[in-house]
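Below: the structure, in structure tokens.
Every chain is named by a letter (A, B, C and D) in the order it is written, and numbering of its residues begins at 1.
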């Protein structure tokens, strides 16, 4: 499984590198938020979920969407604003989602994912299905977050709060504007919600903790809270060079790049031959090449669509 | 004859009975039956999974209602007073109203939001507003506002059955009003001519419709034959019905319980002018002053458009003042 | 001081009884929310504050306004909608306030008082003045509450969170819709805010705890949190008979009526003669009689006011 | 010549320097200088007590800004994108807009809220809205929206100096636009005739003003002399300036970046009709379709009113189509 996880994380990384390139070439307009560095959360959490579990994510959602199994071609096409996009080009990177994979939204409003997942969990209660609310550290200062912690606990909803703590809002370090920033999970504990802090760079740790939480929620034990400690290796969005980082911080975290960790574990612990890893990576590279090309070949929607609708 | 509030209970009960995906949520709606007693008895009939008391968490409630709608449920959310809608608007505007469009029509959001609105009850500035206009420019939702028990029933059932978000406004001064209930559905987005007349078209909503009808009676005695239209829907606007009336009368007076700037009345007249300027001999608006709703009875009565002001306005207008 | 406190609590109780009578007589329209049972919080907290400290309260605000020293006549006139009202009749019971006494609002939106007091504290930081946010247990599920806990702690604001836990929202017991309802103060602790739980029926306990908190805030130790355990002896608002209460609950709490407790302490502990207490109470009765009569004699505002303004 | 975003920085800097009670707060406004770089350098000049980075807490920020204003401070709150205003509205509507009135004029609320609005930047449905209309019906606030660096400067300073709440809208597609800066103040609530013409009055705001001016150039070449009015203020509406123009032209076309229902354009035409119907030979609105803002460039361009659609509309209208 680790080899597959490695390949899936690798695919997310490469996919977003393609996206960045398309941006710089002017093929993609507007803005985009990459999860570069946070892939272990996407994949490890994704593996812990069943197909009919439900995920609500954020504008930083490409990785989670791919982890749900959505087609790379269609995701790329969406970011390019093409008809073959997951949302026909209407949504774009900030808002893209894939209801066919039970990924119900990339919420561009901070906290929106939590409200929606809370409602999904309300609808799923008693069905054995679970909903996941994905969000970032900055979101733990938002009203939606707290109200939904209470709401989910009151009705014992099958909801997993998935906090990706990458240490930053857009450009502001979370500690600058947050009380007790080292204990964000403590905010959930105040509601009597079970929490776990997880190494968000280690895909196996993410998977195992996520599975525990998901299974508890599935078993009717009410909402669960996971705090993944992670880091984004790139700026907040396209235009951000990330100057606000203290010197050396990025480099320290890069030593724990989820891809480095998984590659090392594959080699050192499981004795996976380098060629096997390389072969899988090459497979991904080729697949993505094809997907991006196909996405670029997809036409733009015609303006007539709007006239029909309104 | 049935009270307006009972028409709401009936509509909710009939929808709850007809469709297991319908459920209600809101503050004090279950055990207490709602602060306006518009959900009384429903907990007992349908149980705590279908009629849910919530914490005072408008963000969570509205977000959760949306999320459950995405999963195929048909939530009916009560926001106790319309004034509190300001806390619900994010999820309505940035989620419910947009998701179908964003999904490329893959999902629907069958959400109904009910809320008690309007002035005249001595509730003061923060419990008397008409939040319909706050959402009037938001594509992707319907906004309806009945003036009779029959319409309340028919529109509410249509709202719950609709596959898109509907804001359903209940005027506080109508809750005890009595009227017929024939259990017919009323199509969203349709205005109704509630009094025929040849001289002048008067358009209003909710409590204002009853003021308009009273004013029409007074004016009739003076020889002015007023046609009264109950707009019933802020979004979409049923311009057609209004145009048809103005074709006959050539004159329109809108009566709005709120300030004129940014109100629905000015918008309606504007769209009418843009579509049928030739028809218009006269177009005016009776509205509230550009101030919050005052508490003191003397001030609140002066703030409200009311039968007297409407009548005086029409008289002056017809006299060419 | 206890005799004065007793008289002040007694005045609030009697004042609101007058108001209720005026309501039933149709002299007051709309709605009103009485603090009957919660007077010890108003008075004990009020005594702990300086004149230039700032209080933001709720629609259940009469007691706090009187505790700030506002004139009874003018408060009554406001509730009656008269020109001599604190707000000229524009605000009414739900919204009445008295900026001349640094009582900056009776917030009719749940949580509004907390936001406003947070801002007042931001403005007062470093001046030695303190702001108080008064609110109820139901408000601890509201986004404003949590966001402001964080906000106040981040900037170390001189703010006292004053939670009057009377066990109920309007008609719903707080425990029905609240996670860990017995530890609402724990929600503040999650932000590293110092908290204290206080017997809200005992005016001396309220005063002492409030003073400690206010002094800490004044000294620059950042936001403080007080949970007063209290009870309202009447319905939520005018039209509420309070049927939702379990049998015997009201009676149990009434044994701890703040007026009973203060009267007992005066007699048993301080040996205050009954006549002294009775004399003070009669003084209050007569003063209130005059105030209410004067308020009733105040004219209604003329409608022309609106024309001038708009 | 100075960029629009620099005009904003200049106005803020001049107000911060002139009045110690002024301070800024918002997400990423201090250390990072704002995501649109409209507060760059201000932390360095005025220090962390005057330029404050906040958590992502729109309720707390807006409530706290209000509370500080009650204490005599002059907060300038940045809500990063106008779309997020939905989370700020409660405090604006239910507190800031009402407190002066409720207090019987004992207190004032000198609050300015700045926010980046508008479509055309490929930001999609939740980062492109025009929230001015959400608050258009709320008495007690002003809403202004400049189209040039000079007006941005002059209106922003007036907003900060005003003793009541002002919502200040900054269109994203204008931030890099250059223009003159004479450091003059601009009175709130005033429209400006930005191009004189005799045949037709065209009214727009923000980016739309530039589209209108371009359209006017095209139409001028065809012999149609268009007067362009920059409305600049949604609340209050400067009807006078519009009426004066229509007295001359008899025709009005409003260009609004948003749906027509509930928009400012219909409201403006409606108030105009109610006040000066006789002047109007023609009144129309060029607006966006009744849909959220789509992401895809082809769709977004089609959604926007734009020079071409404006020109085509006027041509058709004049041809009596």
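The rule we apply is simple: a residue touches a chain if its C-beta (ideal position, glycine included) is under 8 Å from a C-beta of that chain, and two chains touch if they have at least 3 such contacts.
Quick caveat, the model's predicted, so the values are computed rather than measured.
Farthest from subunit B in terms of Cα centroid separation is A. Separation between the centroids of subunit A and subunit D, computed from CA atoms only, is 35 Å. Separation between the centroids of subunit C and subunit D, computed from CA atoms only, is 40 Å. Chain centres here are Cα means. That of subunit B falls 29 Å from that of subunit D. Taken residue by residue, subunit A touches two or more other chains at 85, 88, 90-91, 95, 108-109, 111, 141-144, 147, 150-151, 154, 176-178, 309, whereas all remaining positions touch fewer.
Touching two or more other chains at once are residues 54-55, 57, 59, 83-84, 87, 90, 94, 98, 101-102, 125-126, 289-291, 294 of subunit D. Chain contacts in this assembly form a complete graph, since each chain touches every other chain.
Within the complex, the subunit A residues that touch subunit C are 141-147, 149-151, 153-154, 176-180, 183, 186-187, 189-193.
If you check the complex, the residues on subunit B that touch subunit D are 83-84, 86-87, 89-90, 92-94, 97-98, 101-102, 125-126, 129-130, 133-140, 234-237, 258-274, 277, 280-285, 289-292, 294.
Those residues of subunit D lying in contact with subunit A across their complex are 27-28, 31-32, 35, 53-59, 83-84, 87, 121-127, 289-291, 294-299, 301-303. Taken together, the subunit A residues at the contact with subunit B in this complex read 54, 56, 85-88, 90-91, 95, 97, 99-100, 104-105, 107-109, 111-112, 114-124, 131, 143-144, 147-148, 150-151, 154-155, 309. Put simply, subunit B touches subunit A in their complex at residues 52, 54-55, 57, 59-73, 75, 90-91, 94-95, 98-99, 101-104, 106-107.
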